[in-house]
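The same subunit A turns up in both complexes below, where it pairs with subunit B and then with subunit C.
Let's turn to the complex of A and B:
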């Protein structure tokens, strides 16, 4: 039985609450319903977009080539839109409402506007899909001018963005309410702070989107005669890449939240973690410039400042989080009694809990595959070897699929019992799901990067160039890479499909959760109780973390080695003398 | 065993709040910084450079 809702009058406004049996937090029913709606729509679009992704991967597998070139570009456009935009941003809205109303123990600001935001986003997402499937808008999600899509394509993105912007304002409004109504003391909790950073980046992203998409829409309608291609690209990437930085901040907030809930992990130093988030606010969005590295019209000063100086400071922020999060887990596990040797804390972590396993895999895969390859791509000199090759989708599948999507999946395993108040229906299957999806995602990332290193172009249906006048032969290893990519794509699709099925069935048919089974419903936990660390302040208070130091040293060695290997490749590209 | 957790909730009310914490607690100032910095360093600087490219005759 779920806990009955009670009505509370706060600040003169009536809001309905229930008390969470696990955390004791008051949960605003309006926020709860909005989290449910946004999460459900996100997952539906993940299913649709993931299917498109599988079709794309199977087309790029030379032995299979499932789609003809026209359809390939249509499906690729739909894939990019549905997963990168719709799945991720709908889920981010759920994260924003969770990190504000739920963690701050307060009511959500203007639920009606939040519903309006939801409807606008849904209308935008459906319109975008219909328009792309009609076939006149296969311009891929970057829609570089002078490629022209149907006007509804741009309109759908504008409507979606306006909705998302409203959602961000609801989040900010909720922070104001929580402060006014004193539902927290001092600073907002770290996880909410991470969500705030995501929201700030989202506002810059969406504003840049408006600046570029509104004129492009007018151009597609014939009201504007000309849009400069490079200018378009510059402003478009202020939106296109910054939207990835929203993911970054949101996923880091989730990396802090899950070990806090399951293990009672507190950051090693809240001050340092907050400073790392400040680095994101200052520098992360400048990373957009690495999409412009081969444009001749921009100076080296602009390129080097934005991609090297600034972005290295943002990467420093990420590395601080990357050290702090396993460190926080080690400190918590040692405090939980797992003190033997260097790695008992890690061995005895709740690997059978899909929330934990997904979170940890996301952290490791993001760092080792996405982070390192991102620094390589963001270096002006090395970028020239890899620009517009399959290496680029390889890199960003490591960040947005293995990193963000897996982190979002991990959080969902806690959202289902906490917010939907349902048990996960097939816990044994759920236990394996993050590993399957993680392996598939790591596979597509690595094999696409491998193909890119061999020069294979991104966004191309047929690397054998069967009907081209001038032929070109890629090395046989490139064909192998694309074949392996197809197989890894199947694995990722099975893992992703399993996630969708488990969550949909859990929400519809899962056993109801109440005080008697909530702890069990959250999966294995070292302390067998839900920790309240996620909405409290405080540091873990120890730096005795030998295991974490070894993990960090391993990461740095891999980073340095791989970075220099790429410089070596570059030095061999043009032989002198 | 880890040292006892430091709870910042229990800070002395008379203790002045450090400037950095005041910045981090000022969410709208952070929003301002987060929008202005990339707008100036990425977008405006970039647009200025691109607009100086001569148009072909």
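Let's turn to the complex of A and C:
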């Protein structure tokens, strides 16, 4: 139970490790340091990118309009890169190392290569920022050709991607070592399985990125004359969308992990949950289709088949998790003794624990706001009404901010005591953080979707068209939506800023964690057990889960209703054929 | 637990709970339904994007648009020609940094074949306040069949980012009774 590192054998090879006071697992010091480094850089870029996001939201608030158009497009490009790419992927590296070395009780494969990966990613991220801030690369993070950025823009992304790819191989190598050295028995845990799915998708994604970014880089240097605009988008989104599926797999893994750590939740059915994860790999690869539904040059048959990822089987995967995660929590809580009524298990959940609150809000907001809007937006014909409007960023702020980012924040509240071995400083403030950020993120999502429904264009510096020859007046409600979006953006920025400050101060000045305080350091829990919370009776066959049925039925009703409302709107549009 | 190996090493032999099976079935059928809905709308719905697309050299498209404009111009608006084509005819609107050209005047209830293409970068044809949005590429001529069902003044906002003047790119379509 010592906190200081000792050298010993993990599996076959000598490595420095310490023993986790909470779980008794051997924690490889190299893995621990890499998790720390990746998480810290992720959070720094969240801070930078979040600030850019706030500036963007304030510019889109017509009454405030803080940035001039040139600067707005520059900052918007930087915002997309820093948060979607840098924050998310650095954090995912930390998740991969955590889900392999730590959870499997194993040493990390080739820590040197993992450090090389880290350095490449960091160099790429810094170069991308410098290049964008120099001003010649305001092309948005999608950089649709023939818009051309400075060559270093593409180069920086390639370097970043190579780094991330190396990180994926380190993860896979660690799984191989763990298996060889038998650091676990039977199959890998569900959370590691989810991370494995994320990793496999990441490799596909990064390969697509190489296929598109390398020629584009050469084109920007003048070695290639022409890049087909439709082909570019198709391959670019094979990277861009699949990488959202990495986020999905990673965040679902976290949704399983946090209730497991805090409540001892156990999947209702390992088979079903694993199959649902597998669906992400099997049915996502053509998802770039739903970014191209109103593009000329692709047939309707192709669009219909691929936007539904072959009859919505990837969506089915998410809907299954949407049942089995609350179901697992309900079963665990009932087993913990919270059996009164339909919802005592939920009422008595540890709402004051930011890890739990963040995880649960992330699940609910992702499902209700992000999931439903995504399926509707990705319906071939409905997309005609919504393509490139503010509805699109509205949708993905629900998925990637309220969903993924909040899930990552929630996990961080456990990583700080478990890996950084520090208590969360200011626990009372930390308790409120997920709610503030969740409300802000839900707000920006909803208000951007609202503005998009009213036709407001995304990536647009001035919807009052003051410098335009011809003008157009959006309805006053659109201006209202953008104003509310600005306010929600401030709330999200406060919530996000609070997260950054709490974590940085905890890591620097938090009380040291050892065996005496590890349990408290994880925050309030429904029952004071961490490692021995394995229940035999998580199976829904044994348990009746009325609360989960009601939650899922509510979700499904909202989904169906909203879906048909949009078809109704569509039917009122001018006729198109 | 989800963070430990399954206790039952033969976890794939465990029976799946009934509630979970019911939900999987419902969700699967809903997916099939949503898939069928898109197909059905192609057969029965009135809002489908046309698949008629030709490769075109930007200069050629510009020539065609100019010829069309010269033939049908009826007046000017902010120095931009306003074009009133025959109902049911082929009509052209080109996009370039940063304008939609020319202005069209259409008749309500008539069907037109609208040809869209770009002279330079990608642009986004966003018809407001109707809210029809179509991506426009250079080198591709997209022929969209369009039937206005309302009269009045409509605007075409560009909603694909196209450089520093993107937010000034507005075009117009008038629809008369």
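The rule we apply is simple: the second predicted complex is superposed on the first by the 554 of 577 C-alpha atoms of A that agree within 3 Å, B and C clash if a C-alpha of one lies under 4 Å from a C-alpha of the other, contacts with A are read in each partner's own complex, and residues count from 1 in each chain.
Keep this in mind: contacts are C-beta pairs under 8 Å (C-beta built on N, C-alpha and C of every residue); 3 or more make two chains touch, one makes a residue touch a chain.
Predicted, not measured: the structure shown is a model, and the values here were computed from it.
In the superposition on chain A, contact is made by A:281 with subunit B only, not with subunit C. Legend: residue contacts after superposition of the two complexes on their common chain; A:201 is shown touching subunit B, with no touch to subunit C. Residue contacts after overlaying the shared chain place A:462 against subunit C, while subunit B stays out of touching range. In the overlay built on the shared chain, the residue A:187 is in contact with subunit B and with subunit C. Looking at the shared chain after the overlay, A:257 reaches subunit C, while subunit B stays out of its contact range. In the superposition on chain A, contact is made by A:272 with subunit C only, not with subunit B. With both complexes superposed, C is the one of subunit B and subunit C in contact with more subunit A residues.
Once the two complexes are laid over each other on the shared chain, residue contacts for A:297 go to subunit B and to subunit C alike.
Using the contact criterion defined above for the overlaid structures, shared-chain residue A:470 touches subunit C, although it does not reach subunit B. Touching of subunit A by both subunit B and subunit C, each in its own complex, is seen for residues 185-188, 230, 266, 270-271, 292, 297, 299, 536, 539-541. Contacts from subunit B toward subunit A in the complex involve residues 1-9, 11, 20-21, 23-25, 27-28, 30-31, 33-35, 37-39, 41-43, 45-47, 49-51, 53. Chain contact summary for the complex, subunit A toward subunit B: residues 172, 175, 185-188, 193, 196-197, 200-201, 203-204, 207-208, 228, 230-231, 234-235, 238, 242, 266, 270-271, 274-275, 278, 281-283, 285-286, 288-289, 292, 297-299, 302, 305-306, 310, 331-332, 334-335, 339, 536-542. Residues of subunit A touching subunit C in their complex: 69-70, 73, 103, 138-140, 144, 146-147, 184-191, 229-230, 256-257, 259-261, 264-272, 292-297, 299-300, 304, 307-308, 311-313, 315-316, 319-320, 323-324, 327-328, 375, 379-381, 383-389, 454-455, 457-463, 465, 467-472, 474-475, 533-534, 536, 539-541, 545, 548-549, 552, 556, 559-560, 563, 567, 570-571, 573-577.
On subunit C, the positions that touch subunit A within their shared complex are 1-9, 11-12, 14-20, 23-24, 26-28, 30-32, 34-35, 37-39, 41-42, 45-51, 53, 77-80, 99, 103, 111, 116, 120-122, 124, 126-142, 144-150, 155, 157-164, 166-172.
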